[in-house]
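As written, the chain order gives the labels A, B and C, with residue 1 at the start of each chain.
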Amino acid sequence: MSAKVELCGVTKRFGAFEAVSEVSLEIAAGEFLTLLGPSGCGKTTLLRLIAGFEQPTSGTIWLGGVEVTHLPPYRRPVNQVFQSYALFPHLSVWENVAFGLRMQRVPAAEVTDRVRQALELVSLAGFDARRPQELSGGQKQRVALARALVCRPQVLLLDEPLSALDAKLRQAMQLELKRLQRQVGITFVYVTHDQEEALTMSDRIAIVNRGRIEQFGSPHEIYHRPATAFAADFIGQANLLDTRLIAADGSGARVRLAGGLELVLRAAAWPAGVETALVSIRPEKVHVSKSKSRAQSTFAEGETNMFEARIEEEVFKGATDHLILATVAGTRLSAVVANESALGEIFHAGDRVFCGLHADDLVVLRVN
Amino acid sequence: MTAGKEAGPPVTDRRTAGWRAWALLAPMLAWLMLFIVVPTAVLLVYSFCERDELGRVVYTFTWDNYQRAFDPIYVRIFGRSIGYATLTAAICIVAGFPVACYIGRAREELRDRLLLLVMVPFWTSFLIRTYAWITILKQEGLLNAVLRSLPFGAGPLDLLYTPVAVMIGLVYAYLPFMILPIYGSVEKLDGALIEAAHDLGAGPLRVFSSVIIPLTLPGIAAGTLLVFVPSIAMFAITDLMGGARVPLIGNVIQNQFTQARDWPFGAALGVVFMALFAVTYWILLRFREREEAAG
Amino acid sequence: MKSPKLSPYVLGAVLALAAPVALRAAGELNLFGWSEYVPQTVIDGFTKQTGIKVNFETYSSNEEMISKLVAGGGRYDLVQPSDYAAEAMIRQKLLAPLDTAKLTHLKNLMPEFVRRPHDPEGRFTVPYMSGTVGIVVNTEKVKTPVKGYRDVFQPRFKDRIVVLNDSREIVTWALYSLGLPINAIDAGSLANARPLVASWVKLVKVFDSDSPKTPLLNGDVDLGIVWSGEAAILWNQNKKFQYVIPAEGAHQYIDVLAIPAGAKNKAEAHQFINFILRPEVSKLVSAAFPYTNPNAAARKLLTAAELANPASYPAGGKLETFRDIGKVAADIDRLVTDLKSAQ
């Protein structure tokens, strides 16, 4: 019942402005894919291209192996949950959900069954007669979901469906959506600009920036192996270090920072023909200890980059301690240290510490 | 109630506010009195009077005028007037809806210009515009001149002084009153709803019938009222463009105040006319209330 | 009766207007006349000759004039009712008897216009202008002779006819055709007229009292029954429009000058009437409005073209003025409305 979605070299221009540039994307059947990116980067436009509300300026779109580039929206086996829900104000909850089935001329008895099931699925049984105006934000969102799901689309498109909800409801709905997706097994293309939401829900994430896909991969890959400075910065925190190549081999490199500090990288091959590059490391991967042996012992194996630093700033956040470190060579790093027990080390600004960076945690970034 | 509650500033405040509210309302109340209550009262009084040999109103009390108003002759004319008005409203809906939709969905500067065009006819007198139609439709008029000049040589159309001409005149006169309120509804219509309907498998026709029509119904209803009510009472167009051949209720009433010089009977017809509207409106309101309670 | 030039649609508005306050002063005349019926040159000439200032106010129906007259006390010194209105005003003592000694030019009037049923002794009114309701034919389109009402209402003229939109006029033509009296109408005579009126209204294309000349000029109809004033204008525009007094008889209307009982400037009013009766003044009225001039001396001063206009000066015929017919008027209106509606 689910289909894969393919975009081949899709470009969409509004006048002179290019909202989507040369996007090629293959979304597997039954996958939960998230389009993640800042406001105005082209997420909605991509979704509208898949739904058929916009026609690409160039490129083709395929659904389940069939080209749909020029099919009108009502001929595509795709349904959308709109950012604004777009529930019909003149129809009851029941009629809203039944709308798509009526358009497909499904027999009345079946309509009754399927609408009831869909409403039960989103836990809205008993709300049949209400008008959309009489529902809470979360309820509206669930009606919109039921209305789209009841049509049994091959692909479900969701445009920031949770952005209007408060944090608590949003979290509950995130889990509910994920559970639903597993239950119905439909391909979900989900748009958000909330990185946490993307990480929680997705099978894969496509990072969109200025109409282009910056990186496409699993949440794990995206987090641990950001491909670009934008991806590294957009998801979570990152230390971005300017480095110059000293020596490279097949699986890594030795680099020098501006202040003279030298580091060994092993996360990926150094890009060929490049002398300088940005290297990223997540703050929680910066290991800090007052004792050298302790700092070293945190690394079970592998190559460790060790150096001394001074704590410039310290912010206690309960579960974690946030530190700003300055190396002897003048490089600044931020680090996050878990406060695992009350007996652990206590850091203060001005303390001298040892830092350890695992060669596998230093990621070389691509330059666009 | 205790004395303490009675005294105190809140009471004074409320009284001041009341006084102010009345002062603010006064111009509107005066307007209502002068232009609605008083004329209606005069009409009501006249309707029970008689006319003298000069057609002046004699203040007696008689039901004769009402008895005559319910004579089958006039009842039938009432019926025909309702028919004409209904047809006018229907044509105005069919003709006005696409226009209103187009304007409502147009770019802003184009929309303002189109709205202006809709209102341009109001810049000239209604009678002048009606005479303009006469020059178009008359036998040696513009329309027939154009038809004659066509290569396939269509014969002259005998349009003026026919019911068709009356319909043209009525639709022309009242179309803007249909377009404007529908435009108001269309403009408010959320485009996402139309996309949602498309997304759910509705083709253009189904989107129109199941989403656009129901959501613009308030505009259509307002437009229908604005077209129906004046066109049912219209007499100038039936006179000028219809040759006064088929009397509508507006003509009959007008005639009582002019040629027939029977003001009391004209007043009685007017009162019946207003009562008819009041009752219809009341029924519609009740109907909607009941529908809302049920839905 | 003068055919209303002003559209009746403004009637309501006119009724709502307050009349200006009349000034009580010697050497003044408050004239209340039909709109478009008294030329401004005549009024100016009167002021120049006599030094009397004329306050001119107009109306567009007899009923309007009477209601303002009754409401206004002695505000008006001279009014201009139609024959039937004058008759009722005399009966209701709204008019003052004239001092004929002051009206030195009274002898100029033709005898057939004075002492008519509305004022049998000629004590209250002096005819101003007169007119008839007759047949106008576009002789380019209608080649056969049209002499009477039955010649007009023939099936072959279906949808080529314009008539006045006035129930009593239409019924009057039927009564004439049947040889029945037009001023003694009862249920019986109406029943007789009914089938004739029924067949006639089916043939009519346009009912119009305000401007029946328009469809004739536009070529939308070929013949009709209209006010002579309208027919006179048609003739002046094109000689193909011939005016015929129906052989069976025709309605004649005489508009008169009369002094209200409460007038404050009766002497000045008499002076004005006498001024109008002067042939060279009456001639000016004719020149401006081509109705039938009742002033024999004035007629001598008219141009040959004016006299030759058959609508202004028809050749003979049986002419009658309308009398008050009381409640039957309502029955007539109902009858015509019914028959028009039944089409």
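Worth pointing out:
By our rule, a residue touches a chain if its C-beta (ideal position, glycine included) is under 8 Å from a C-beta of that chain, and two chains touch if they have at least 3 such contacts.
Remember, predicted model here, so these are calculated numbers, not experimental data.
If you draw each protein chain as a dot and join the dots that touch, you get a simple line with two loose ends. Ranked by number of C-beta pairs in contact, the top chain pair is B-C.
Inter-chain centre distance (chain A to chain B, centres taken as mean C-alpha positions): 58 Å. Distance between chain centres (mean CA atoms), chain B to chain C: 37 Å.
The mean-CA centres of chain A and chain C are about 93 angstrom from one another, to the nearest whole unit. Interface residues of chain B facing chain C in the complex, by the touch rule stated above, are 53-56, 68, 71, 73-74, 76-77, 80, 127, 134, 138-141, 158, 160-161, 236, 239, 243-247, 252, 254-262, 265. Residue ranges on chain C touching chain B, taken from their complex, read 7-9, 11-12, 61-63, 66-67, 70, 85, 88-89, 92, 159, 162, 165-168, 201, 204-209, 214-215, 218-220, 324, 326, 329-330, 333-334, 337-338, 340-341, 343. Interface residues of chain A, counted against chain B in their complex, comprise 51-53, 72-74, 78-80, 82, 84, 86-90, 92, 99-100, 102-104, 131, 147-148, 151. Contacts from chain B toward chain A in the complex involve residues 190, 192-193, 195-203, 206, 210-211, 214-215, 217, 295.
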